[in-house]
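Chain nomenclature is as follows: A, B, C and D, assigned in order of appearance, with residue numbering initiated at 1 for each chain independently.
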């Protein structure tokens, strides 16, 4: 229970705004209109789960005049500011790329944006600069694949040079979308190569939704931990593409296997350097309960992973007992850990059932009533 | 050349408006502001290729007060109105479904929308009502999979009852998106089952981008032709998902194989009942040239398919000559048919090179200058 | 518990022989050398689980002089003969196809093989003729896709004409392999079309490993149940291809969702016409325990599906409560049903833990000692 | 034409033996019975194409008493011995792994096998030791993912230490199969990490059939070239899995894009360090013509890649002309290069049409007559 009690999960500010597909963004009542309201909503998730004490910001979506005020607001709500996310996809200049754009002017702009994000880190006390590169090509021949890697390496080096010693770049990869023919950072290998070139302060972000069909994600977790370069998770679920569904909702067994790699490598510990973050949208379900459920799903997978009998497993593996070793893993997975987690929450003064407690709190009704007028924050707002 | 000269390809009005991904829609100058301008742009494609004489409309995006006027406008430009596309994804009521929604009120609204579309068909002389059902589920358990099929069957029957004798319903299927866990019409089998239940005026639409990875699309073409239910193609290209790239740009060999099935089943003939349509977006490339290139790609694939030596192929197939039979197909594919098509165009009084001719026409510059102000048509506008 | 107690799962005789990949078949000691020993091994699975009373045969692998004797042997062991599986892939004549072969002589041979299988059905009391068609193409152009469907329809009709009134054809589909470019029955739509053409005694077999990546299998279950044509399951697991791993070992949540469709359509009942069969190999794990574990996995998924609160789920679905409906499904899934199943077994006079009980029985040691000499049954033996 | 004339393609000895799927290996008449006959067959491919002067061996399949004799035999036929392939999948000891096996004894055996392969390299003058690692897991929990990487690194280091200065290890990766849950070298990132740890004499092998669906292979080519670690190609085609079809037969446009990366990075040159090898089987088509066709497919793709107007392409890319840049690539691809290659062959004293020339040579009939008796070489023989 000690390990479970120490686990923390970071929430994305954008999960609380409206989101959707290219076909439609369905609006929800009570959605936040600014970063202060997003932080307040995120704090609700922490209030009922006790394990979500940080909120990632997205720049420029969460730009504000006074970051000290935002940090203070967060502190009042019991949370802190987490990773700062740059945005390279919503400026017209970035249609054909940002850090990889053929035009040096555009690349310089993208670098400058990151330096601005580092300033936000300084202003908020954040230590992680998260870079997801949407750059890529839609058509073969559209640009030179290799030259784009060179430009990317250059741009990242300029950003890296702007980091303070306690800062990290965490570099995400994504298999496809928004570019359809080729992404410039499509896989963990590419992200890792760039991190290795940059230096010790560069780490890979593994987004659970960003892989080709059939990819064994826990293998990548093991590989990145072995290389000492797993900087963070972006948790979410996918059935087919980057579906951004609630983590654990599509394949809870996979989430368990991922957490098993984490636990067996000792990477659950707060000082392991692995930041467990959610990165997902709630297109059709309510935002705050969607986040609460997601946090609980990660907790349940972690609790199951902690139940694995490591010694017995090691012995079965060493002796080549295929069914026995698999059975030991399944025994942990098949255990119902919800009572254990309820107990843990109660021991921390929390309600045993965060979903019910939040539902009973009246917060949803309150924000629907209060947040009328103004622009509801959407994806990109 | 006779068969080639007879082939026609229908263009989608929405290809001329702005489009994008959920991350960003990049605006292009000169984009049409209403259905009249869209039709005018589509007519440019026909003007330079000679094989694109119809334009599909999308309701409500192309709603207008006076459809007779729109039809007359089209006629002036040398084109006619093609299929009428309904829209079931942009109304807030449809968040959890339209024809499959648990609430009978919403289902009735979706049926009524189709009856309105049938009115547009009457007003424009269109004979095809194209239904793409975006309905589906994001989460297991969210709704009853089987009950949704029952509701869908009911709704389609009501729409079908509203058709005139010369009308058809053409029902599209799509593997995933915008629903992520389950689409209500995910595959050709589902679409065909509904068409069989409806009657002779219901046919399947095969969108080349709407399949699981590794699916053999020409097999489905053969299967639907054998069942007498291939109503139309929605042509486009995909590398990974429903990428809506220019047809033939991702896998030109696949497009050739599809056209080979069409040609060898005699389904290229104008009276075959197969409507060859484009359904694609141009997110980063200019719209009109993007459509011209796409039309040319279909033409080239068709020309190659017509070059296959059918008798020799049949003989090789019957004798079990694997390499010989494959070689005969490849011989046709490897032939450069561009000179042949240039010749065909010149024999029809067209420029041999439609891309160059359009580029030289000054039309792009003209619309950039003229179409300033007003709302540019976007996807959904 | 009543429903659970009635569930039966059929075992494949070939699961007890050696199997492997194209790279290597690893031999295991004690493997059966003839159908009698296979039946004996299958009976062990039934002995400890109580829910596996039938054994599928594969012809010619399980050919024997005296089927009455084999049936009697089965009865002595407490089991009966289940579906008869034809084999269309191990005769040299079938290199380019069997029922779809360009040569009428080969097609006639394949039809005759099925009539022989029907004789085995008569001799063993089996009522299901299971056809998995390995036919297909490796190269585009190799044969005519559509002509092969015509030949297949003809051949199936001849086989169908040979059925007795209580017999069924159950027709399996498979996405790929052993043909790589195109399978002749690649999907449920193709299988269903042939079944519809044949008549009421033809049903579809859904093999859980035979789909494209990302396919929603429970949707197909719902669709086939709705059409009244789900004849059987071939249960197994896949991570990427037709991996034939133990059912429930790759994605236990998917297995649960499948059983949820079964339960909510009332198709678990013994008279539903759905035959729950395993079709899987045990390449590296011991065979009998592998089958026991697989049977238990199906039972656990079924038990969880039976726990779903159907009324509450229906209410949540009707009211559009996305999180609530999903949560109800997950509540059942997250429940640990192993104690319940242990109790059920004990109430039936079985050991609570079939794996342990089999392990303690000494059967494994006994067959290793006894089955020395003779040819060990391999896949295809 | 100079670059084309210099290109060489290495042939695998095993392509001339029988091969198949796990379901069936179909035997062909005239198949070689020993490495000498395999080399003779490979030499036929070189004889008619002029670009296939090397033959890869596979140990132990091609083990022989006297390698000097085999080399001399090759020289007489006009070819030389190429890469030496180790085999880690056909020994019973390797059921649960070879270099990654939990048991140190098995790992030592696998290392020793490689040292034996290095001796074969010395005896034949080969400089490339090709390692494809079939190791992996079928079930979650079966073994420790991370520990297996450590064992692999150790074993590879021992093999690497045994290399002569002119030797290279070329390390292949494969997405899945024969292990189904997790391969120990599943992707280019893993292979590259091991190569980087080993040293300058370790390079990555890219097998075109070994990727997840949707993977952009030319991106990986560009990435490995940029890292200076692309050691070799294993060319073949896949529609779905590791189908081992003739290279260029499934997606000729992809092959062209791969060769475009090669050409534009200057990696076609004989001294580039990239070994262009075929690794494919001919299950249903005749072996020697299958290899000839494959070699021709690579040549055609290369010829097209050499036709790309690099300056114009660069200019279009720099100016952001999406359609123009893509069009330039397509212009090269759409050109029929067969006449050019026919001309090249004639200029080299070869027949313009290698398939026809081989067919007319009588070699196929000759080996069918001569190679009667003895064991035909199968996959693994």
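Definition applied: a contact is a pair of C-beta atoms (placed from the backbone, for glycine too) under 8 Å apart; a residue touches a chain by one contact, two chains touch by 3 or more.
As the structure is a computational prediction, the values presented were derived from the model and not from experiment.
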item: Chains in simultaneous contact with chain A and chain B; value: C, D
item: Of B-C and A-C, whichever chain pair has more C-beta contact pairs; value: B-C
item: Chain centre separation (chain A, chain C; CA means) in Å; value: 40
item: Chain C and chain D, separation of their C-alpha mean positions in angstrom; value: 37
item: Multi-chain contact residues (two or more partners), chain A; value: 96, 138-140, 175-176, 181, 213-214, 216, 239-240, 249, 253, 284-285, 322, 326-327
item: Interfacial residue positions of chain A with respect to chain D in the complex; value: 96, 102-103, 138-146, 149-150, 175-176, 181-183, 186-190, 192-193, 211-216, 218-219, 222-223, 225-227, 253, 257, 260-261, 264-265, 313-314, 317-320, 322, 325-330
item: Interfacial residue positions of chain C with respect to chain A in the complex; value: 213-214, 216, 239-240, 249, 251-253, 284-286, 289-290, 293, 300, 322-323, 326-327, 333-336, 338, 355
item: Residue numbers on chain C that touch chain D, as the complex places them; value: 19-24, 26-27, 89-90, 92, 94-96, 134, 138-140, 175-178, 180-181, 213, 238-241, 243, 245-246, 249-250, 283-285, 379
